[in-house]
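Here the chain labels run A, B, C, D, E and F in written order, and each chain numbers its own residues starting at 1.
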Amino acid sequence: MYYYKEELINIIKPDKPDPAAAKVLQEALGGQFGEMRTMMQYFFQSSNFRGKAKQYRDLIRGVFLEEISHVELVQSTINQLLNDSGLSTPGNAGVDGAPIDEAVKHANPHHFIVGAKSSLPVDAGGNPWNGSWVYNHGNLIADLLNNLMLESTGVLQKTRIYEMSSNQTLRETLGFLIVRDNAHQNAFAKALETLGVNWGKLFPVPNYDINKYPECRKYVEMGYHNAQFNFRLDQTRIGEIFNGQTPSRNGGELMVTDPPEGFPVPELPDMPNEHASGLYDLNS
Amino acid sequence: MYYYKEELINIIKPDKPDPAAAKVLQEALGGQFGEMRTMMQYFFQSSNFRGKAKQYRDLIRGVFLEEISHVELVQSTINQLLNDSGLSTPGNAGVDGAPIDEAVKHANPHHFIVGAKSSLPVDAGGNPWNGSWVYNHGNLIADLLNNLMLESTGVLQKTRIYEMSSNQTLRETLGFLIVRDNAHQNAFAKALETLGVNWGKLFPVPNYDINKYPECRKYVEMGYHNAQFNFRLDQTRIGEIFNGQTPSRNGGELMVTDPPEGFPVPELPDMPNEHASGLYDLNS
Amino acid sequence: MYYYKEELINIIKPDKPDPAAAKVLQEALGGQFGEMRTMMQYFFQSSNFRGKAKQYRDLIRGVFLEEISHVELVQSTINQLLNDSGLSTPGNAGVDGAPIDEAVKHANPHHFIVGAKSSLPVDAGGNPWNGSWVYNHGNLIADLLNNLMLESTGVLQKTRIYEMSSNQTLRETLGFLIVRDNAHQNAFAKALETLGVNWGKLFPVPNYDINKYPECRKYVEMGYHNAQFNFRLDQTRIGEIFNGQTPSRNGGELMVTDPPEGFPVPELPDMPNEHASGLYDLNS
Amino acid sequence: MYYYKEELINIIKPDKPDPAAAKVLQEALGGQFGEMRTMMQYFFQSSNFRGKAKQYRDLIRGVFLEEISHVELVQSTINQLLNDSGLSTPGNAGVDGAPIDEAVKHANPHHFIVGAKSSLPVDAGGNPWNGSWVYNHGNLIADLLNNLMLESTGVLQKTRIYEMSSNQTLRETLGFLIVRDNAHQNAFAKALETLGVNWGKLFPVPNYDINKYPECRKYVEMGYHNAQFNFRLDQTRIGEIFNGQTPSRNGGELMVTDPPEGFPVPELPDMPNEHASGLYDLNS
Amino acid sequence: MYYYKEELINIIKPDKPDPAAAKVLQEALGGQFGEMRTMMQYFFQSSNFRGKAKQYRDLIRGVFLEEISHVELVQSTINQLLNDSGLSTPGNAGVDGAPIDEAVKHANPHHFIVGAKSSLPVDAGGNPWNGSWVYNHGNLIADLLNNLMLESTGVLQKTRIYEMSSNQTLRETLGFLIVRDNAHQNAFAKALETLGVNWGKLFPVPNYDINKYPECRKYVEMGYHNAQFNFRLDQTRIGEIFNGQTPSRNGGELMVTDPPEGFPVPELPDMPNEHASGLYDLNS
Amino acid sequence: MYYYKEELINIIKPDKPDPAAAKVLQEALGGQFGEMRTMMQYFFQSSNFRGKAKQYRDLIRGVFLEEISHVELVQSTINQLLNDSGLSTPGNAGVDGAPIDEAVKHANPHHFIVGAKSSLPVDAGGNPWNGSWVYNHGNLIADLLNNLMLESTGVLQKTRIYEMSSNQTLRETLGFLIVRDNAHQNAFAKALETLGVNWGKLFPVPNYDINKYPECRKYVEMGYHNAQFNFRLDQTRIGEIFNGQTPSRNGGELMVTDPPEGFPVPELPDMPNEHASGLYDLNS
């Protein structure tokens, strides 16, 4: 069973509203290689795991638990980018003109029509998340290879999205996730090492010096690229795999640690009239 | 952030392998009105909630937390139905014939080709789960109406699936979920009562006497239809809504309670050769 | 604007329940070349028609109007095939066993889980109808060529479905629709004749002697293959195109006529308990 | 069977071409909660209705009949927004440059590539209409709850699209449809009242004063929010439900009335060369 | 079996980078009527061909072979349009700003997130290519009618895309393909002539004077509209059909010829850092 | 440009008709990890390759060329399994009963409705092939990791399908493809070795002794698991990578060789009447 404490896994850094940035960041949420995919893929792999080598299941499940927080983090980041976009009077258009005429130009129109300026389970092109993306064939090596490829692609896409906007809200979240995706590359690569592979100098993929990204460097200094956060309230065998020398060029020792101190969930301002939430008297 | 304790929310009742039952039960996992939909819908509604009437958000999030356990419960039930289906030598077909020739006849073939006799994020017809099913328009009344319709449809479908098989593994899980869906109908109907509706004798939908289902009756006697399990490790305002007289014909008082004592996650037997997991030496 | 009289365009011939026949007949309703496609394709072509050559628009719209009745006819045929399938006590499974365990074996399970033993907007494989199938490029010749190909494919598929079952409910409806699809082939082929084509002996496609199908022969004798039913309550220019010698090997003169005498819509029996409709006191 | 008179259910108000407005208005045509969904959902619910409480079927079918006209109205509105967009010489690009280079910038490119500047069965993001959106589970309460949620979502989305453009062609059609969606909310809410619900002050959803929208106010003054237009050429039992006090905060008596006087279908200008219709000599 | 020589079937004409042009040109690659559809449709029709009238199969397979080259030509054209789009330092964003912020505004964001500025199997709206588009019903006349409609639609869409940009890279490729689509119209129309049709003056569709497109005229002068390129390394019966008078208004004699002299495959410049290919030392 | 010689890459071994086997074998053709995916993925990776390390592009393109033949091989195998399924008189149902009533029971109904007993671009569950499956991110390591995972999954699925039927037509084709997929695993693993990985004893995945499959053993004895067939008519740099010690437990030296002697394409018998091809006089 799953428990919750109302804290985000990283901070939402404020910057100005930016619907175009929100649109492309959706790839990291609902895209084929985004956080919903990683969350659901590791969920199915955990629940469907066969046999007694439970240390591998505990590793996969441990990453799954963190990915739920990643989904929540990207949802919250997109919401922050959409808050207050458009003129100040949405919901009064009958008297006040077309307040989001301009905002919608480079936006995903569904952020305004379907969502109340809020995140959606879709990618940067507006395609909905699809269950066929979940890879879980049960053969452990095949599953781990896919996980490794998935985390590598996650980093690659995030560095590309990073180049599409200098908005600090977007970049702070991407920076954190890039470092964590590297940690998860380490986790799955290490698991494959226990099965015989020697990765040489292949990882991380892509071959960036993540210290060149200022948003990443501080998390590297905190050791987040070599840490596996433990969200279990009972015992886990994850440390049997996630320990010792990292398989990555970045070097260092792998360690299972407590989760980070949590960050407050931002207050999402209500929207005038009925677009959301429609509960003015109760908003106190 | 999300925490986990390795316990199922209900027991997996053993019965014989039954791939045809596994196929139709997929609707309750990856179908348009299945547990993955409820889980992701309430996740987005929680993260995207606007304004200060947080008691509604806490209610929705509370149900979301339970739905993660429901997904895990249905995954585990489907796995149990697929365990040991087919002849005893899968993975040795080169020498041993066509051991799952017969098993696949009324099955979803992907349970054997894509999964290692394990659950998939698809519905009873094999269609993959789709993000466009998530309803989250931000207007609280619209969102609650959809949630109510979703939980009603969930019960309706589950009673229909119940009629498709007398397998006890399938029926025990459906019985538990029918009662919990009724509790969640109560939760959302009650929330709409606080906003002005008087439901008369409309709920639950469908209008069954659930005591006629033996698998349901025992959970009703435990009060599960009027309980909201609390998975929060910090404070929640859920009790401001979920209390007092039930909106349902079934009667009784609504109460926020601790989660049930958990049930052990079943050992999934490994499969010979490489279909899963391929780790014989490590299976100990 | 659209008006309605509660009459079916052809009779629903009774035969025994047959979920396997219902499953394959869905192709003619929600398939890529089924009646929903023809209905929506001609609807968009009518509304989006440009220029003053309105006789072509009236022809396309005339066929559109009939296709609405075709959709209703196939829906009703599928319902008839599903009525009373399974044992007699659906909705009492809690006490009565698994009444549709057997019925669902060769069925589309969604006919029982999603529908109350009733038709769905999907094809024979369970894939949902998709808007991308609608062809409407605005260039009249391209649109007419597609319509002709669509009607030819419709006949071809229906003769193949015909071979999958000897159920009279299924065959009577298919027989009627095959003859009407031939009439619509004639309509679009004739329209292309006015633009310069000489079809030689190409049509109808496929090259069957439809008189060999007893269900078809009687409609041929009634002249339905050369008639265009007129559902307009005001004037139409459809007769400017649909007249004179048929472009088909079958011979005869094309004529715009009144619609057939309508047939009564069958009473669909209610289902016990709540599966449908849940309104016992009101059922009188 | 279905009959037609060539009249639109509301006027197409002229304004300047606006492909960006056409793009977002597609949501109201081919979106998950648009007019094609309502039309097809009520069509399946009508044809698949079980049991003798035909007054409910007549109510659903009555709304279905109007929805066909709504689809035609939105198609025609989108066409009007696309007419004459781009430079004046489309179809002569070989000699005349790139006349729609600019027009396509904020447009759905398929409006120009697939359609001849005409409506498509897709949503504002370009996703095709999908049959899985049709809700028809046969249990009357479940179906009515979904219909109510659907009409509420329709209004909510339309008020949001309204804010995206001040184009009068778009706003006039949205204003009319908002009022009619309110009438249909009333219809389904009233039907649920006959089954026991007291809606208190919940409806309409969203909780707007629609008189603040000038395009809506005039239709309210005409009583369109409390009227059910009757498109039947034979008897209907719709008035057994749709009568008496409205369930809405807006007040008033519900009444079954004749359809509005129809409006002329606009002439769609032809396009040069072959893009559409390619029939210059015949255009007279 | 299939063999390859590293040559393009037409030249890639250089012009400036243009992501907006690349976006709309995707329709001709991965759209419902694009080159991937023609390639796969004729592939299935060839492999699945029944009976002894092999001259028809050889005709269809002959066109299939050319379509593989068309896919490669459009892929290469899109790559050329994306090369060097954005500022010069992608992959250094951590230190260098947001180099593709501007480029992505009217682009398909997946060209930058998923592809390394390279072509994708999607259409102009970003929808992925779909196997359900392949038409292969086995009845020869039905298949040929669909092929004819497909090639006609191909030309129609390409002339519309042509009007969306004056970029020479885009226009040169479209010009070549328009002429070849006309040749393929001729091939399938001719095949239908051998089965009895007289096309009168119907083709080509659309009814353009392609000599008005300067990019087309030179290929017409080379006779490409009446030629069928032969990519077979063994015997083919294609000439039994593709010969004699063209069925098109454009006039001339049909002829099977050698393929064109090939054109060099352009060098695609590498991208800095890791976006692509990540192999600096090996790039020599 | 692409050339063709009418030869299959392996023999079609005759056995009895088997629509149930044809249904599951579709996974290897149009499934997410089937031959159409590998073919199109390597096609896009080849055409979109950046930079000067062309030996990697030549390797990927070399595998692409073989995959076209694999698609044709699986198409032909499925056709063979469908030939003569059902009673002997399809196309005469009007007089002869329901000849494919029985055959369709465990079949994909589209094999008979859409295809003329012939292969389709869909998977074992009937889902159409989808362009979003193509992985081509441009970063060479990421692309190679995906290719390796894809080939491993291909083998895993094929060994599972192998267990579903003892039909020799199905098994012979699967045996050949399993060995070739192993060769392609070697190709991509070797490419990653040149970039630093030491695979230890990880490959092939899954960890079967393929000599236990009699259909595989003979191809292993012919060295097909260590050969890269060369379909180029000009020079290729593929041998710079594909040489030396195999990365697989199976051992041996990698070698670029000529393609196998081709096998005759089987005559597909025509079908009576019009289902296919409809050309009786021409069938000689």
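By definition in this document, a residue touches a chain if its C-beta (ideal position, glycine included) is under 8 Å from a C-beta of that chain, and two chains touch if they have at least 3 such contacts.
None of these values were measured; they are calculated from a predicted model.
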item: Touching chain A and also chain D, the following chains; value: B, E
item: Type of chain C:chain F copy interface by residue overlap (half), same or different; value: different
item: Listed pair (C-E, A-F or C-F) duplicating the A-D contact set, over half by residue number; value: C-F
item: Euclidean distance of C-alpha centroids - chain A vs chain B, Å; value: 25
item: Intercentroid distance (Cα basis), chain C paired with chain B, Å; value: 38
item: Multi-chain contact residues (two or more partners), chain C; value: 32, 114, 122, 126-128, 130, 132, 137, 139, 141, 156-157, 195, 205-207, 274-275, 278
item: Category of the chain touch graph - line, ring, star, complete, other; value: other
item: Residues on chain A engaged by chain F in the complex (per definition of touch); value: 32, 127, 130, 132, 137, 139, 141-142, 145-146, 148-149, 152-153, 156-157, 192, 195-202, 205-207
item: Parts of chain F lying in touch with chain E, wherever the complex brings them together; value: 1-9, 30, 36, 40, 43-44, 47-53, 56, 61, 65, 68-69, 71-72, 75-76, 79, 114-122, 128-132, 134, 136-141, 195, 231-234, 259, 262, 267-271, 274-279, 282-284
item: Residues of chain A that touch chain E when the two form their complex; value: 20, 23-24, 27, 31-32, 106, 124-127, 156-157, 159-166, 205-208, 212-214, 216
item: List of chain A residues in touch with chain D within their complex; value: 86, 90-95, 97-101, 104-105, 108-110, 112-114, 122, 126-128, 273-275, 278
